[in-house]
Every structure is written in C-alpha cells, then in structure tokens.
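Consider the two complexes below, in which chain A is the common component and chain B and chain C are the respective partners.
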Partner chain A sequence: MVTLLGTLSLWLTLFFSISQFFSLKKNQSLKIIKICVIGLLIFSLISFFTLMYAYIVSDFSVLNVFQNSHSTKPLIYKISAVWGNHEGSMLLWILVLTIFNFFIFKFYNKENFIFISKTLETQAFITFGFILFTILTSNPFEETIKVHADGLGFNPILQDPALAIHPPLLYFGYVGFSAVFSMSIATLSLENNQKIAWYNYIKPFAVIAWTFLSIGIALGSLWAYYELGWGGWWFWDPVENASFMPWLLGTALLHSLIIVEKRKSLQTWALLLGILTFLLSMVGTFLVRSGILTSVHTFALDPSRGLYILLFIALIGTYSLILFASKSKRYFDNNYFAFFSKEGSILVNNILMAVVCSTVLLGTIYPLIVEAFTNNKISVGEPYYNSTVIPIIIPAILVMGIGPILGWKKEKKYEILKKILPSIFLTIIPTFFIFMIYQSLSFIGVIGILLSFWIISNNLMMLIQKNKKYHKGMIIAHLGVGLLILGITGSSVWQKENVSKMKIKDTVNIEKYNIVFDKIEESVGPNYVAIKGNFLVYDKERNIITKLKPENRFYHVENNFTTEASIHTNLLRDLYIVLGAGNINDGWIVRIYYNPLVIWIWIGAIIIFLGGITSANINLKKLKTFDQ
Partner chain B sequence: MKKNLLIIPSIIFTFVLLTFFYLLVIERNPSELPSNLLNKDIPIFEAENLIKNKKFISTNEFGNEIILVNFFATWCKPCRDEHSYIKQFNNNGIRVIGINYKDDPKKTIQWLEKLGNPYSDIPIDKHGRIAIDWGVYGIPETFLVNSKGIIKFRHVGPMSKKVFKKINLLIKEIK
Partner chain C sequence: MKIKKKFITITSIFLVNLFAFNLYGVEPDEILKDQKQEERARIISKNIRCMICQNQSIDESSAPLAKDLRLLIREKIKEGKNNKEIYNFLTERYGDFILLKPPFKLITFLLWLLPFVFLFIGIFLIFSHNKKSKKV
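Right after this comes the complex of A and B.
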C-alpha cells in the first residue's frame, strides 16, 4: 500500500514536471501552468510524507525503512532517518525544489511573465532531472521480498537532534540556489529588447538560500564538535568543503547584487556567480553520492548514481556556461570603481571570496586530478587550507569592517578616518582585555582578535547611529561574522589538549582546572547501553565548578560504538571530556580539551542567521512593492 | 573585457568534469589502498599448521607455483560470505593457503567441516604477527603470489564476482 502510493505519487511528480516544462515552452495559459506547479508540489508532498509515515509506523516491507530504521528507535530519529539515507534524502531534495518552484510562480504577473516563465522552465527541467534520477537509481519505495521482523537500524552517530535538522536546512540552501540559477538563465535568455530588474528577483532567493546554507553548515559543524569527539569543529573534509564552496560564492553573489542594484555594474559577474553557485552545489552532491572519495558523509557506493549526476551536471553546466559565454555581453559595462568607496570594497570582497573558493576547490579535487593522471594517491589536509585560506580571508575581513560605512563613488580619506576613529578605539580596548585573560601572544591570535573586534565595533557604531542608510540585515549578519571570528580565533589559537590514562580517583590539570575521575557507572538508554564516566571539575581554590559525564555508548542493533563528549560551556571557554577505551584495572584513556571562546562560533552563526532572515524579509517586501 | 574571457568558465568546468568522469568509469575503489608489497617478495614467516603436524615454513612452500593467500577468521562474517569464491579457486586447481587470523583452532576446524576446506595449509597467526608483516588492513584480505614468490595482487575486503574474475584473468596472464 505504502509502496504503491509512494511510487505512484513519485511518477506523478515526474509527469507534472514534464508538463510544466512543455506548457511553458509552448506558452500555454496561466491556468495550465498553475495546475502543473501545484500538482508538482502536492504530489512531492504526498510522496515525502508517505515515506515518513512508513518510517513512523516501522513498515519493514519497504526496503528503505528496513535498511535504515528499527522499531526501538525514538520517534524523532525515525523521522530524521527519512533524510538520513540516500534515497529518502532525494525525496526531501525534490520536495524543496518544488517548494521553491511554487514560490517563484507566486511572483508571476503581467509585467514579468516572460522572465518568470523562463525561470520556471529551467526550474522544471532541474526538478525533472532529480525526479528521474530518484526513480531510476534510488527509488525509496522499493519493496522487500522477505518479511522482516525488525529493521537493520540507523547509524548511531546520526541519531542526534542537531543532525536531525541539519540536512533540511542545508537543502534549503543548496536548492535555493537552483532558483538563483534558473533566474540567471532566464536573464541571459531574454531577447535584447526585453528588460527586467532581474537582480530584484534574484536577491531575496539568494539571501534565503545563503542564510539557510549558513545555519546548515554551522549545525553540521556543531554536531561534529560534540559528537565526533575530536575536540574540533571543522576538519576540511571534502564534503564540508562541498558546502563551503557554494557558501563562498553565494557570499560574493549577495554583495555583487548590491552593486548591480545601485550602480548597474558587475551584471555579467553576478550572473556568472548565480550559475556557478548552483553548479558547485551540484558538484557537492556528486562528490557525496558517487562514492568518488571517502569521507564521513559518503553514502553507499553505486557508480550508476555518480554517472547519472555527472551527466546531468554536464548537461545543465554546458548549457548554462555556453549561454553565458554567448549572451552575457549585453550586460557588460565599463564603470570605474574608486578603491575607497562602497563599491570598491565590495569588489575586493568579491575577488577575495572567489579566490578562496578556487583555493578550496583546488584542494578538494587536486587529489582526484593527481590520481587520474598519475595513479598515485595523495591527500590534501588542514595545513594546506590553513596556509592558503587564512591569508586571503584576512584582508577580506579588514575591508568588511570599513566597507559598509563608506559612501558610493568616491570618499575623502579624511572623512573615512573621522568615521572609523571611534571604532578603532573600541577595537583596541577589548583586544587588550582578551590578552589579559588568555596571556599568550601569537601573530594569528592578535590579528584574529583585532579583526573580530574591528567588525563588532564598527557594526555596533552603525547600530547606535540608527542611520537609515545602513541596511539592518547587513549590520546584524556582519555582527554575527565578527563574533564568529572571535570564536574561531580563540578556539584555534588557545586550545589546550590533555590525553592521559586515568584510573578512578586520578587527577589531571588543564589550565587552571583540576579534574578528578570520580567513578564510572553503567546506564541504559532507549536503544543502547552505555558506560558513563563521572568527572569532578575544581578550580584553583578547590571550589567545585561542575560534574562532567562523558559516555561510551553501545548500540546493539547496529553493533556500533559511539562516544558522547561531555562539555561544560561558558562565555569564555569550553571544557570538553571524551572517554576512550579502557577497563577498571588499567584505567581509561581520557582526552580533555580546553577550548576558549567556542560558544561565540554558535552565537555568531545564530546572529548571522537572524541577519539573513531580516535581510530576506526586507528584500521580499521591496520586491513586492516593486511589483505593484 | 574581451569576449574570449567569457569562455574560461566553460573550459575549467569541462576539465573538472572530464576528470570526474574518468575516475568514475575506470575500475577504482576509493577505499582501496595500494600495497607496498606489490611486485615484491612475500614476507618470510614460520607458523604452526592447523591441519598438518609439521611447521609451516614459507620459504619451503612459496616459489614453485601460483598461490592464493587468504587471511580469514571464523568470527569474521564477510569471510563466510566469500568462502564459496575461495572454494572455487581450489576447485580450479589453484593452491590456496589460508592464514587463520587471531582465532580459536577448535572453532576453525568446526567451521571448515561445515563449510568445506579449500586450504592446502592453514598457518596459525595467533597474535596477528604475520598479518602485520603482510600489511593486512582488515580481514578478509587476499593476495595473489606468482610462481617466483612475488606478490602480484592484493584485495582488501570480501571477494566479489568482479574481483573473482579479475584474479582469474591475472592467473591466466602470469601462468
């Protein structure tokens, strides 16, 4: 029943995507297009929720449910298991595509119908490609032949609240850029006599996609921080890079659109970014799903899937880039940009973001290229990224502090100095205090802290001045970036690590804390058993600060161990304990990290998200008034 | 700006795609690790023999014929899955030596009685010393050794139809 309903509605989405494409190509009436758009949305909702239903009631006659679920699993992880596997996540991907498809359609009116029609045409084609992919290579509604009493379970490290919502947020980001892509294509395929303020349409979608991508990446990072138990939050894993690259280009795109809007410059460049951002999202999908490289994220290996996605990327990539090469000339301009101006600073941002993105891209695919040509396996790791990305991103952040307060065209240097004097003052004082607390100087540390307070103070000044000229969403998001940099710098420069073998009642010192291994106990969860360490944390005056209880869990269904780090957080530092292997006689291996300022990474990310939402809201309102 | 510059994105894009395509089409497993022992002499070892009463001495056994070396254990589920392939090698007249990795001898004998024994000799690797010398990554793992005692092929993980065919082709080649 479930498999029948699911398969049927999946085929119907395929039907509606094809009809949407052709009815737009043949200029059918609005009514027919509306039926297609809504039909597409409804049936993708049905197929998605049918699968979710199968997971909730543990219907093990569905192969996908059997392989990824188990009846003892808590409800929230039954639901999140829907997108925790390849086939189910494709359904989510399709659903998000159709949601964006629907919202693009909502903007349809007499003035813009050519532009919106062309956008929906591309969108229908992309949606069609993904549905066909799902039906041909990854149908989640396949039936099992045998009858199974219970499922095989779900990877325990994915049974986690942050990871339950990480994929949907990320997909809103990736797929949101498909709307930007379709609009860029529509803009390029307009006839020379057709004119439209395309940037006003692209901007809200770009902001929404970027905002969700940002929070999605941050959540993934938060999960890696407390679940993997490695003490860090970013590992330059190929799949992390796959999400970071569209984020970088998306950032460049958001900023270039400001220039496009205000000065009608950089249009070609912005359109290219619109195309490339989505293509990079697709390349990310390819890297994850084809099994071409190994990473914590890769799904089961199946070359036919990789081949399909690759052919699809080749198809839309070739089409869009050739269209760009042949048609973008009409959007050229020869405007002159002064360096000390708003547009000058945005241009610097764009160039640097594009350079960072190429650097990350090179690092990610270089091992693959080397292997293709020489058959040798190499790996590119953290040292490469640290030594290339950081120096490029420092000037970008420096400019970020000052860019928003500069005026358009040209600004007098004396005026600039007057504007930034208070924030220079505001930057130096807290930097001084931070170094009083952590008392260790390093070049990168000083630069990082200075830069973060530079951003924070500049944006606080703007917030205080209540100048209408400054875009509120921008200020909030920039403030978030400032806090983010504070956290990144603190946790990478001043991190302390202590690994030791501890028996009960042993004590370890880290920074100004004494940590006592008090006892070890067993506990039982809904679908696992665990041993739990009990650690007492004292400060120098022997006052107890907290108890930390790291766990080692054993999930019997999946036959898998996980480590649950225990973390004590305050505004200045995290204390992070991981319990390793061991036994009562020899003691346990215990890893303790002292991670300064980590919490500001998450606070920064939330504020960036809020800034993005504010900005998306403003841009949507602007578009609506513009439409009327 | 010249119009030619606008083609650059397409060129880079094509190059990257072609690389991906090539890697996807060639026979390649990203979790496969090249063996340092490939095209080198096998590591010399001596061990107790599970099914014979004399010591297994590698220098006496290798170097006369093509031999398949299979690291296995009864506690390893994938070893059971690949067992039918290992037996087929034996049926085809290839000598197979099974190195019994960190296992219980009694259980191993029962296991072989139940599933059939394709191995001519079973050196016992009680503490995993031999596996370390051979650079074993995880069992099951299979090596093809030619008649000069040189390792020609290594496969990590359970045998599949594809790998089975590949090894048979290799055997024909080096004969």
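Right after this comes the complex of A and C.
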C-alpha cells in the first residue's frame, strides 16, 4: 500500500515536471502552468510524507525502512532517518526543489511573466532531472522480498538532535541556489526588449539560500564538535569543503548584487556567480554521493548513481556556461568605480571569496586528479588549507570591517581615517583585555582577536548611529561574523588538552580546574546501553563548578559503539570530557579539553542566521512593493 | 520476551566495558616524559595521515597502525632525530600519501602555485578596474 502510493506519487511528480516544462515552452495559459506547479508540489509532499509515515509506523515491507530503521528507535530518529539515507534524502531534495518552484510561481504577474516563465522552465528541467534520477537509481519505495520482523537499525552517530535537522537546513541552502540559477538562466535568455530588474528577484532567493546554508553548515560543525570527540569543529573534510564552496560563492553573490542594484555595475559577474554557485552545490552532491570521497555522508557506493549525476551536471553546466558565454555581453557595462568606496570594498570581497573558493576546490580535487593521471597518491589535509586559505581570508575580514561605512562612488582618504578612528580604539582595548585573561601571545591569536573586535566595534558603531542608510540585516550578520572569528581564534589558539589514565577518585588538573573521577555507572537508554563516567569539577577555591558525565554507548541493534562527550559551557570556555577504554583495575583513558571561547562560534552562527532572515525579509518586502 | 531483553542489556553492558575502544588517538602510556619532545611529537603526528582512515591524522586516529606510527615517531625523537629526518623516514617508507601537507614537487607544483596565481589574477582585476574608473 505504502510502496504503491509512494511510487505512484513519485511518477506523478515526474509527469507534472515534464508538463510544467513543456507547457511553459509552448506558452500555455496561466491556468495550466498553475496546475503543474501545484500538482508538482502536492505530489512531492505526498511522496515525502508517505515515506515518513512508513518510518513512523515501522513498515518493514519497505526496503528503505527495513535498511535504515528499527522499531525500538525514538520517534525523532525514525523521522530523521527519512533523510538519513540516500534514497530518502533525494525525496527531501525534490521536495525543496518543488517548494522553491512554487514560490517562484507566486511572483508571477503581468510585468514579469516572461522572466518568471523562463525561470520556471529551467526549474522544471532541474526538478525533472532529479526525479528521474530518483526513480531510476534510488527509488525509496522498493519493497522487500522477504517479510522481516524488524529493521536493521540506523547508524548511531546519526542519532542526534543536531544531525536530525542538519540535512533539511542544508538542503534549503543547496537547493535554494537552484532558484538563483534558474533566474540567472532566465535573465540571460531574455530578449533586449524584455529586460527587467532581475537582481531584485534573485536577491531574496540568494539571501534565503545563503542563510540556510550557513546555519546548516554550523549545525554540522556543532555536531562534529560534540560527537566526534576531538574537541575540534572543522576538519577540512572533503564533505565540509563541498558545503563551504557554494557558501563562499554565495557570499560573493549576495555582495555583488548590492552593486548591481545600486550602480548597475558587475552584472555579468553576478550572473556568472548565480550559475556557478548552484553548479558547485551539485558538484558537492556528486563528490559526496558518488563514493569518490568516502565519508559519513556516503550512503551507498553505486557507480551508476555517480555517473548519472555527473552526466546531469555536465549537461546543465555546459548548457548554462555556453549560454553565459554567448548572451552575457548584453549585460556588460562600463560603470567602473573607485577603489576607496563601498563598491571597491565589495569588489575586493568578491575577488577574495572567489580566490578562496578556487583554492578549496583545487585542494579537494587535486588528489583525485593526481591519482587518475599518475601512479602517485597524495593527501591534501588541514595543514594545506590552513596555510593557503587563512592568509587570503585575513585581508577580506579587514575590508569587511571598513566596507559598509564607506560612501558610494568615492571616499576621501582622510574621511575614511576619521570614520574608523573610534573603532580602532574600540578594537585595541578589548584585545588588550583578552590577552590579559589568556596570557598567551601568539601571532595568529593576536591577528584573530584584533580582526574580531575590528568587525564587532565597526558594526556596533553603525548600530549606535541609527543611520538609516545602513542595512539592518547586514549589520546583524556582520556582527555574527565578528563573534564567530572570536570563537574560532580562541578555540584554535588556546586549546589545552590533557590525556591520562584515571582510576576512581583520581584527580586531574587542567588550567585552573581540578577534575575528580567520582564514579562509573551503567545506564540504559531506549535503544542502547552505556557506561557513564561521573566527574566532579572544582575550581581553585575548591568550590564545585559542575558534574560532567561522558558516556560510552553500545547500540546492540546496529552492533556499534559511540562516545558522548560531556561539555560544560560558559561565555569564556568549554570544559570537554570524553571517556575512552578502560576497566576498574587499570582505570579509564580520559581526555579532557579546555576550549576557550567556543560558544561564540555558535552564538555567531545564530546571529548570522538572524541577520540573514532579517535581510531576506527586507528584500522580499522590497520586491513586493516593487511589483505593485 | 522480558528475559530476552534483560539478556541483551546485560551482554551489551559487558560489551561496552570490554570493547569501548579508545576512539581518539594519543593514549596516556604513549606520552613522553620530556614535555618539549612530546610537543614536537604531537605537531609531527598532526601532519601525518592515518593511512587506513578517511582524512584523519594519526594524532586523532584510534587505528592500531596509527598508534604504531605515533610510537615510532616518539622513538625517533628520543633517538635525537630532527623533524626533517623523521618526515623523510616516513615518506621513504610510505610515500607522499602519508603527508597531510603535500611537499612541493613536480607533481604538486600546481597545487601550491595555483592559489598564488588565483590571488594575482584577483589583484590584477582589482587594479585594472581601478585604473579604468580613473579614466571615466
């Protein structure tokens, strides 16, 4: 029943995507297009929720549910298992595509109907490509041959609240850029007499996609921080890079659209970014899913899937880039601007983002190229990225502090100095205090803290001035970046680590804390059992600060172990404990980290998200008034 | 049914105690007494890839091979070898694949050069734009 309903609705989405494409091509009436758009949305919703229903009721006649679930699993992880596997995540991908398809359609009116029609045409084609891919290679509604009493379970490290919502947020980011892509293609294919203010349409979609991509990446990092147990939050893993690259280009795009809107300059560049950002989102999916880069995210190694996605990207990529090469000249302009101006600073931002993105792409695919064309094998890891990316990002952050307060067109140099003088003071004073607290001078630490307060103080100044010309969403998001840099610097420069074998009642000392191993106990969860360490944390005055309880869990269905770090957080530092192997007689291996300022990474990410939402809201309102 | 559940629980707890392997690299018995030497060992280990893992350094890995290499590096440090000698020793045995920071060679020439090229193209674009703006 479930498999029938699911498969049927999946085929119907395919039908509606094809009819949407052709009815737009043939200039059919609005009514027919409306039926297609809504039909597509409804049936992708039905197929998605049908699978979710199968997971909730543990219907093991569905192969996908059998392979990825178990009746004892908590409800939230039954739901998140829908997108915690390849086939189900494709349904989510399609659903998000159709949601954006629907919202693009909502902007349809007499003035813009050619532009929106062309956008929906491309969107329908992309959607069609992914639905066909799902039906051919990754149908989540296959039936099992045998009847099974229970499922095989779900990877325990994915059974986690942050990771349950990480994929939907990330997909709104990745897939949101499909709308930007479709609009860029539509813009390029418009005739000269059909030109409209395309950037006003692209901007809200780009902001929404970027905002969700940002928070999605942050949640993935947060998960890596507490689940992987190394006390780190970013590892330059190819999968992280796959999300970071579209984020970088997306950042460049958002900023270049400001110039396009205000000065009608850099139009071709913005259109190119609109195309490349989505192409990179898809390349990321390809790299991750094809099994070329194996990781937690590789659900199944199946060459036919990789080949299909590769061909699909090649098709869309070739088409869009040829279109760009042949049609973009019409959007070329001679509106140049001075270096010392708001536009100049945005140009620097764009160039540096593009340089970082190219470097990350190079590092990610270079080992693959070496392996394919020579007999050698090389690794490109964290040290490579640290030594190439960080030096390029530092000037970008410097410019980021000053850019927004510069005037349009041209700014006199001494005017600039007058404007930034207060923030220079505001930067130096807190930096001084931070170093008083942590008492450790390292070059990269000084730079990081200075940059962080540079951004924070400049944005606080703008906030205080209540000047209407500053975009509120921008100030909030930039403030978030400042706090993010504070957290990144603190945790990477001043991290302290203590690894030791501890017996019960042993004490370990880290920074100004004494940590006593009080006891160890057994505990039983819904679908796992665990041993739980009990640690008492005292400060120098022997006052108890907190109890930390790291766990080692065993999931018997999946026959898998996970470790759960226990973390005590305040605004200045995290205390982070993981329990390793051991027994009563010899003691346990205990790993304790003192991670300064980590919380500011997460606070920064949330504030960036809020800034993005604010900005999306402003841009949507602008578009609505503009439309009327 | 209840008995079966209890049985599973008891055996599982037994298993957690038995197999809860150390997931995260450096173990207490490996650590060198000399703090400076240990610090050097940590820095080297962070640049050495765990050959059988996905994108992990031996400093983070729990694999037995990673542990062997960590011990080997510490032995070499105690013998008085400098960092370069240790890296050379490791690459002779395992190839460049073991280095997380690839060495500058013919084969990695583009990997190290291109970021600079990208940057110079970028700077050139900014300058040429600036020049044109002055003409207008």
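Operating definition for what follows: the second predicted complex is superposed on the first by the 627 of 628 C-alpha atoms of A that agree within 3 Å, B and C clash if a C-alpha of one lies under 4 Å from a C-alpha of the other, contacts with A are read in each partner's own complex, and residues count from 1 in each chain.
Criterion: a contact is a pair of C-beta atoms (placed from the backbone, for glycine too) under 8 Å apart; a residue touches a chain by one contact, two chains touch by 3 or more.
Since the structure is predicted, the reported quantities are computational estimates derived from the model, not experimental observations.
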{"item": "Touched partner set for A:Gln194, first chain B, second chain C, both or neither", "value": "neither"}
{"item": "Partner chain(s) touched by A:Leu307 [first = chain B, second = chain C, both, neither]", "value": "first"}
{"item": "Which superposed partner A:Lys377 touches (first chain B, second chain C, both, neither)", "value": "both"}
{"item": "Partner chain(s) touched by A:Asn570 [first = chain B, second = chain C, both, neither]", "value": "neither"}
{"item": "Touched partner set for A:Leu368, first chain B, second chain C, both or neither", "value": "first"}
{"item": "First, second, both or neither for A:Asn27, with chain B first and chain C second", "value": "neither"}
{"item": "A:Ser442 touches, of chain B and chain C: first, second, both or neither?", "value": "neither"}
{"item": "Touched chain A residues, chain B compared with chain C", "value": "C"}
{"item": "Which of chain B and chain C A:Ala530 touches, first, second, both or neither", "value": "second"}
{"item": "Those residues of chain A which chain B touches in one complex and chain C touches in the other", "value": "294, 377"}
{"item": "Residue numbers on chain B that touch chain A, as the complex places them", "value": "1, 3, 6-7, 9-10, 13-14, 16-17, 19-25, 30-31, 33-34"}
{"item": "Residues of chain A touching chain C in the complex", "value": "229-230, 235-238, 294-295, 334, 336-339, 344, 347-348, 351-352, 354-355, 358-359, 362-363, 366, 370, 374, 376-384, 387-388, 392, 499-501, 522, 524, 528-531, 552-554, 556, 561, 563, 578-583, 589, 591"}
{"item": "Residue numbers on chain A that touch chain B, as the complex places them", "value": "268, 272, 275-276, 279, 283, 286, 290-294, 303, 306-307, 310, 313-314, 317-318, 321-322, 324-325, 328-329, 332, 365, 368-369, 371-372, 377"}
{"item": "Parts of chain C lying in touch with chain A, wherever the complex brings them together", "value": "8-9, 11-13, 15-17, 19-29, 31, 46-47, 49, 54-55, 57, 60, 95-102, 107-108, 110-111, 114-115, 118-119, 122-123, 125-126, 129-130, 132-136"}
